[in-house]
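Naming follows writing order (A, B, C, D, E, F and G), and every chain is counted from residue 1.
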Amino acid sequence: MAAVRRLVMDVLKPHDPTLLSFTERVSETESVAGATTSLIELDQEVQNVKVTLEGEDIDVSAVEDTIEGLGGTVHSVDQVACGDRLVTDRRTLQDG
Amino acid sequence: MAAVRRLVMDVLKPHDPTLLSFTERVSETESVAGATTSLIELDQEVQNVKVTLEGEDIDVSAVEDTIEGLGGTVHSVDQVACGDRLVTDRRTLQDG
Amino acid sequence: MAAVRRLVMDVLKPHDPTLLSFTERVSETESVAGATTSLIELDQEVQNVKVTLEGEDIDVSAVEDTIEGLGGTVHSVDQVACGDRLVTDRRTLQDG
Amino acid sequence: MAAVRRLVMDVLKPHDPTLLSFTERVSETESVAGATTSLIELDQEVQNVKVTLEGEDIDVSAVEDTIEGLGGTVHSVDQVACGDRLVTDRRTLQDG
Amino acid sequence: MAAVRRLVMDVLKPHDPTLLSFTERVSETESVAGATTSLIELDQEVQNVKVTLEGEDIDVSAVEDTIEGLGGTVHSVDQVACGDRLVTDRRTLQDG
Amino acid sequence: MAAVRRLVMDVLKPHDPTLLSFTERVSETESVAGATTSLIELDQEVQNVKVTLEGEDIDVSAVEDTIEGLGGTVHSVDQVACGDRLVTDRRTLQDG
Amino acid sequence: MAAVRRLVMDVLKPHDPTLLSFTERVSETESVAGATTSLIELDQEVQNVKVTLEGEDIDVSAVEDTIEGLGGTVHSVDQVACGDRLVTDRRTLQDG
């Protein structure tokens, strides 16, 4: 199977655990070399966060298990990079 | 024949397989060194994704077979780079 | 536990201590390698500041203690980076 | 004669050959080190594409022959770089 | 005490001394490695300038003394960087 | 005399010679290391082009002779860089 | 005295001498390592130009003498960098 090198997800999570604990736990998932979370929006019930993960071969279902174990939901997967080479998405004339 | 070094496509795909499986499968196609997919838009039936591929000499019809085998359709080819040198598309005064 | 490598917070603080003293004190917190604060907005009572911290393994509760000891309140945690690799949040087609 | 180092053209081409075949053929033209094509717009009859070529001394009339042999028309030449040094067009205060 | 590595201030100053003399004098303050001033706005009475200072450990009260000795007023401190590492303020999804 | 290192001009030229021949000829002018031309606008009679030249010591009147010999007119000189060091024009708070 | 390392000025000058001669003469001023001028605007009487100078220790009054000797007027000094280190003006959240 091709190695998953980078993953960007849009996640909904409850306020508890905090964004800090959530990020620590996600980054501790086996196969994740680093995780960065950025707050998109928050309301009384949930936080909407952008999660960016990198690794040599990310075990995505383990990551999803971690997120769900923390009460979170993957709202959408926004970017996936696979293969031997980490390819950068470049802006083209067709991007909005 | 000139080597195809980079390819950017606009693809429509069903929700199943997921963007993750889709990207893994595309990146496993012989001749592809790496693949990155970015979600453009989704509705109830389909996902519209931008696919960026790099390789030393991409076998584009093999890639198209993979995409079609996964239920996807290439909506448009938005950028193609061929040759010994990978040429970057630079912004000019005529770009919109 | 995963190492916290970078932290961006939105903080409300009184005018006293000054932004300078506040930043010195936050950066002196054990585990913080450097701190940069940027003024977002100020009114008669409070300053709203963006705080960016980096370190090999930031002790976030010690940082929060420092901020609260200076009369400040963490209004929101806007970005957290954890893990062996410091992952950069990259713009995708889904960012607003 | 001065060496042509980079050329950017706005080209109209029929749908057949595809953008892929078109780019392969243009990049195979003697003197072309690499070619990148980007889709600007398409309608039922034609594709409007931006073609960027680089080489040590591009034989522009050979390139034009290739394009015309493929049914394409050079709508405008948008940028030309000649000489020993490849000079970058930099934005000035007079650019729109 | 933590070292102050960079400081950005919004300063109001009279027309005399000139921006040149003002900048020379500020940059001559003990502990300042370099100073750059940029004109924001001017009216008949005052100049509003952005002052950026760097040093290994800036003595901010000495800088303030210099500015006040030149008839200037620090209108606001807009950015402070302290610590062993000079941390860059990066744009997040929460920046306006 | 100080060496002219870079020159940006706004030029009006007839359609004949083509932008390609025009650029080749300008770049062949003694003292010019490289020339890049970018199309700004065209109407039935003339092409309006931005010409960027670099060299160790550009002979500007020779360049103007070349341009005029090709039927062109220098509409304005938009940027000139002279001296031992090639200084970059940086954006300031006063740029529009 | 602190060394002046970079200077950006907004200058009004007559059409004669040309921008080319003007820049050559300014860059020949003792202490100037390089000068770049950019056209901001022109009307029938005058040219409004942005002048950027760099040097190890620019003699600003000699530069002003050169400019005035050429019929020019310094309309405003927009940026001054002094000191051992050339400090870059970085964008902050308070910039307009």
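Simple rule for what comes next: contacts are C-beta pairs under 8 Å (C-beta built on N, C-alpha and C of every residue); 3 or more make two chains touch, one makes a residue touch a chain.
As the structure is a prediction and not an experimental result, all values here were calculated from the model.
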For subunit D superposed on subunit E via Cα atoms, how large is the rotation, as a multiple of 5°?
-> 155
Counterpart interface for A-B, drawn from A-C, E-F or A-E and sharing over half of its contact pairs | A-C
Per the centroid of Cα atoms for each chain, what is the distance between subunit A and subunit D, given in Å?
-> 39
Chain centre separation (subunit D, subunit F; CA means) in Å = 22
Which residues belonging to subunit D are in contact with no fewer than two other chains?
-> 38-40, 50, 76, 78-79, 89, 92-96
Looking at which chains touch which, would you call it a line, ring, star, complete or other?
-> other
How about subunit B: which of its residues touch subunit A in the complex?
-> 8, 10, 18-20, 23-28, 32-39, 42, 50, 52-54, 76, 78-79, 89, 95-96
Can you name the residues of subunit E that touch subunit C in the complex?
-> 1-2, 4-7, 60, 76-90, 92-96
Which residues of subunit G touch subunit D in the complex?
-> 38-40, 50
Parts of subunit F lying in touch with subunit E, wherever the complex brings them together = 92-94
